[in-house]
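So, here come the structures, one by one.
Across the two complexes that follow, chain A remains constant while its partner is chain B and subsequently chain C.
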Partner chain A sequence: MELFLQTLIDGALIGGLIIVVGVGFSLCFGVMHIVDFAVGEWVMLGAYAAYWLVRYLGQDPMVYLPLIFALFFAAGWLVYPLIYRAVSGRRHHPALMGLVFTFGLSTLAKGGALSAWGYHVRSVSTWLSGQSVSLGVTTLPALRLAGFVFGVLTTVLFMIFLYGTRLGVSIRATAQDRETAALLGVDVRRVGALVYATYAGLTGMTGVLIGALFSIHAAMGAKYVIFAFFVVVLAGMGYVPGVIVAGLLLGLIQSFVGVYISGRYTLFALFLLMYLSLLVAPRGILRRGL
Partner chain B sequence: MTTPAVEVRSPARSAAPRLTLGALLATALLLLPFTVSSFWIRIATEVLLWAGLAQSWNIIGGYTGYLSFGHGAFFGLGAYVTGIGMTVLGWPFPAGLAVSGVLAAALAAAIGYPTLRLRGAYFAIATWAFGEMLRQVATVLEVTGGAFGMRLPPFLNLPFFYYITLGTSTLVYVTTYLLLERSPFGYKLLAIREHEEAAEMVGVNTVGVKINAFALSAFFPGVLGGIYAYWLTYIHPDSVLGGIITDLMVVMVFLGGMGTFWGPLLGAFLVQLVSRSLWLVWGESTLYLVIIGAAICIVVLFMPGGIVGLLEGRRAPLLAPRAAWRWWRERVRW
Partner chain C sequence: MKPVRWWAICWFVGVLALVTVGAAGLVAAQQSAEYKVGVVTSLSGELAFGGNVTKRGYDLWADTLNKAGGILIGGKRYKVRLIYADDQSTPATAAVAGERLITQEKVDFILGPYASGTTLALAPITEKYRVPHITGSAESPLIWKGKFKYTFGTIPTVTIIAQASIQTLAQDVTPKPQTLAILGIDDAFSKFAAEAFRTAAQRFGIKVLRFDIVPEGSDYTPAVSAAKALNPDIFAMGSHEKAAIEMIKAAKELKFNPKAFVQHYGMTTPDFRKGLGKDAEYVFGTSVWTPNLNYQAKILFKTPREYAAAFKARFGSDPDYTEAASTAAGIAFQEALRAINAAPPLTQAQKDALIGALERLDLMTFYGPIRFATSGDYYHDNAGLQPIALQYQGGVTVEVGPGKLRLKAPKYPTPPWDKR
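Let's look at the complex of A and B:
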């Protein structure tokens, strides 16, 4: 029973962190129909950014979260015109061109990181590392809890922004119907840039926590591509609230398969579920996706 | 100015120079193992292998417009079926190849039925998930040797592998030419790529055609996977089912020109040339990933028709750096 509870909490904690990646990724698809294969590379670069900042400037990596958000926001803002070019214009399959373009970006980033920093595994530690919080029945590693709190807070703030502000309304309008939104005076391209930049910022920031929780290496991105795709496929592409359900589900599956079957089967289970979900319910398990 | 989406090919020019060129090329390819060192035989075999794989991907990705991001799975399946057949079941090599190809095609048909209902990015993600799933299966099964891989009976005969790869890849190109460039089947695929609903409406059995194309495009990677496994004699999940195999197929076709007959050949030749040259200069290096990634980005942004598109001058290439810079500046609003 205690093992069960521990597994459940562990899963939920990891899921909470993955949700942040999923929310931005899902919105990207909803607003611009871009499936970003480079999502894992944003995570990886975020983790490295934290590593280098800590290495040269000292301090706790958590201190740099706002700075990393700003850096990655700017990077996303600069990359966006290229993606926009790839998905627009007189091409046969614009959405597929976007997919292939981000796939190229991810290869470029992964290759660049591997060439520059090699295969060494690095780590950053924060003042929370190694501490734990006692919850009566069970104890939790403080860093995991912090990751979960970060995930929940960021997601809540993001949802408030999306559902409570004027800008959020124009983002959702663009996601619902691009042409109509444009006719009603929404600067669709600017909304796209904003969404992509925010997504890059959030994902880079999550990378810091992921890097602190696990370890940092140039090939770490692949895992988070899988996670992001899993979450968004199960949530229904472009349906943001579904991401929360699917993210928690991902954490739970990962933790339960790992504990009760074998860690070797977790990825297989995730891919199988993703594949079946696409076949049975392409619009997500809540049937609300695009 | 509008360009017709499906080009009508101009009536054949005089065939004589092309035939001469073709005969010269065929002779050169056939005589190659007698004239160059074993190192270059190996490189040539690799180029031929990839040329075949790229064209196989092109059948579903380029001609049909369904980007399969898990095509490496069929290659890996072929490698493992041949490997298991030869070591565990004691099959001769040709039988292993035949079974590999047929199984890959059958698997493609089976998963194609549900998967090909998905469009665009959904199809790409589903095939990607499927390919990765197969890799996980190979990693956990006993019969595949798990993550440690398996050994095949060694057969060190470079010309043999050169000729069998040459034969298979030639078969891929001949099949593509006859079935896709010179028969109604090819036009049906193009119709599906251009407008699937319209194709359906004019009476194309889109489901059947798509499944046939998918199975055909999986058959050859299955066979080539078997050849590759016997050639390598030692395979493990990352070497025959790794993501890079699918990636390279996609890159080669994009670089050469999607949905064109010569594109995959050009793309495979160039990518192999670049990656091997880098390898010669720097040894084991990850720099080729940077170059491949940059190449994909540039192709998507500036030459969507690939190299063949540039040669045919179908679309004005936007390769002028200054124009590209201005274009980008206009779009980043500070």
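Let's look at the complex of A and C:
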């Protein structure tokens, strides 16, 4: 029973961080129809940003979360026009162009990080590292708990913004029908830039937590593309609330398969579920996606 | 129409001929002046850190040798030139990189990759083109079971060396640990490290409570939770350096406090210490070489200490056994070439003769003796080195066994996380 509860908690907490990565990725797809292969590199750059800020300015990496959001928001805002140019205009396969462009962006970021910062495996620790909260017979690692709270809180705030503000309505309108939204006066290009910048900011911030939990190196982002893809397929393409359910599900599958079957079958289980979902419920397990 | 200026044409053709012949002569001179050594290793991707570990070892060999004038063959000295090809941490790319070095760069011989998986992909290529290949890093027994005629290795297989720390814990500490849980990464090296822990536990009467193999890059918390629930005396981890760091982090987060943490390779790297700080303390590991060994050699570096000093002067950090073994791989080639008196560029007959010379090699180096097995399960591996158990104590790795190899007593049991 003790192991079951611990597995449940581990799974839910792992899911928390995946949710944040998935939210931005999902919205990015919903609004711009771009599958951003560079999602893992935003995570990696966020982790490195925290590492260098701590190295040169001291303090706890958590202190820099707002600054990292601002930095990555600005970076996303600057990168967006390039993506927009790649996927718009008279190109025959805009979706494919988007894939190729973001794949290139990812390769560039990975190679750039390796050249600039070298091959050493780095690590940052926060005051939460190694702390834990005992809950009956189980242990809640404080950093993962913080990641979970951060994930859920960010997603909820983001949804309030999406569903409760005029700009949020514009974003959702653009996601639903780009042409009609544009005809009704929505500046779809600006909305796209805003969404991409927010997504880059959120994902960069998540990188800080992921860097503190695991280790930091140029190739660390690769697996987050898979996770983000899994979450978005399961949630329903472009359906943000579904991301919470899918993120938690991913965490729980990882945790339960790892403990009760074997860790080597985790990816198999995830992909099996993803393919089944694509076959049986192509609009996501909640049937609300695009 | 202007008359053809024959003198101008003749002059042009003459100059062209001279340039071509001169360039060809220059190329030939360059080719014959030095050995072209292909190096396939991971310079990018997941294993970039390890790839650069081997690179440092190979570079130090080439630079020191070239500074000393090169390899003396028939009264003349020939330098070595390393030509790198990045395997991007994937086996398929390692095979392509090796093929390119052999067919386009026309290398004389090859120094091999960091990881066992990439080495297993490169070995059939060097076999196909009959090019001698020594890995200064790979430790998987699968390589030697493949019986590749053209592939050699300077580090004994992980199934032999990873047992040393379990042996030390079973024989040199009191009370003797009774139980063990094992977590290994699913790659050609790490899962055999995990297997070695299991074999050692069975050999020394320690009960294995759980044996788990997980993919690289996954979240290790579930597997660590499962091990924690069984309350083992020892938690043993088979992995490369990144997973080694992340597994210890996961254990600390879950307040998992067995009496001993055992790893094999990762804990010997400086990044392990830097990444974990004081959490690296008390972790056990294994090695086949440390600067404190008493080997006396005559080639390039006379003692392990001299090598360690040269390494630190060049790279600013202490060498571990993989770096030393990579340098030793170069020394093995150098001495085998001397033995057969083969000047560059090597013909196919000389490459084949080099295999024979490597098989006959009986060499004492700063790294220890190099004698490649010529039969059995460890075919072409340098299987004769003594494994040493290490433990992090006071910020450095110290030799804690087994038996007479101990320089300091092992610290056991490991204190709780908040008492370190």
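The definition used in the following text is that the second predicted complex is superposed on the first by the 287 of 290 C-alpha atoms of A that agree within 3 Å, B and C clash if a C-alpha of one lies under 4 Å from a C-alpha of the other, contacts with A are read in each partner's own complex, and residues count from 1 in each chain.
Quick note on the criterion: a contact is a pair of C-beta atoms (placed from the backbone, for glycine too) under 8 Å apart; a residue touches a chain by one contact, two chains touch by 3 or more.
All values derive from a computational prediction rather than experimental measurement.
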For the three-chain model obtained by superposing on chain A, do chain B and chain C clash or fit? clash
Which partner chains sit in contact with A:Ala222 here, chain B, chain C, both or neither? Use first/second/both/neither. both
Now for A:Thr7: first (chain B), second (chain C), both, or neither, which partner does it touch? second
Is A:Gly130 touching anything from chain B or chain C once the two structures are fitted on A? First, second, both or neither. second
May I ask you to decide whether A:Leu278 touches chain B, chain C, both, or neither, giving the answer as first, second, both or neither? first
Is A:Leu108 contacted by the first partner chain B, the second partner chain C, both or neither? first
Quick check for you: in the superposed arrangement, does A:Ile261 touch first (chain B), second (chain C), both or neither? neither
Answer with first, second, both or neither: which of chain B and chain C does A:Val121 touch in the superposed model? second
Between chain B (first) and chain C (second), which does A:Ala74 come into contact with in this model arrangement: first, second, both, or neither? neither
Considering 1-9, 19-27 or 37-45, which region of chain B has C-alpha atoms that clash with chain C after the structures are aligned on chain A? 37-45
Going through chain A, the residues touched by chain B and also by chain C turn out to be 110-111, 114, 222, 264, 267
For the chain A and chain B complex, residues of the former touching the latter: 29, 33, 35, 77-78, 80-82, 84-86, 90-93, 95-97, 99-101, 103-112, 114-115, 189-190, 193, 222, 226, 229, 233, 237, 264-265, 267-268, 271-272, 274-275, 278-279, 282
Considering the complex alone, what residue numbers of chain A touch chain C? 2-3, 6-7, 10-11, 14, 110-111, 114, 119-123, 125, 129-130, 132, 139, 141-144, 213-215, 217-219, 222-223, 254-259, 262-264, 266-267
Can you check the complex and tell me which residues of chain B touch chain A? 65, 67, 114-115, 117-118, 120-122, 124-126, 128-130, 132-133, 136-137, 139-140, 193-194, 243, 247, 250, 254, 258, 285-297, 299-301, 304, 315, 327-328, 331-333
Under the definition above, what is the set of chain C residues touching chain A in their complex? 43-46, 48-49, 51-52, 89, 186, 212-215, 217-219, 221-223, 225-226, 228-229, 241-242, 245-246, 249, 252-255, 271, 274-277, 279, 417
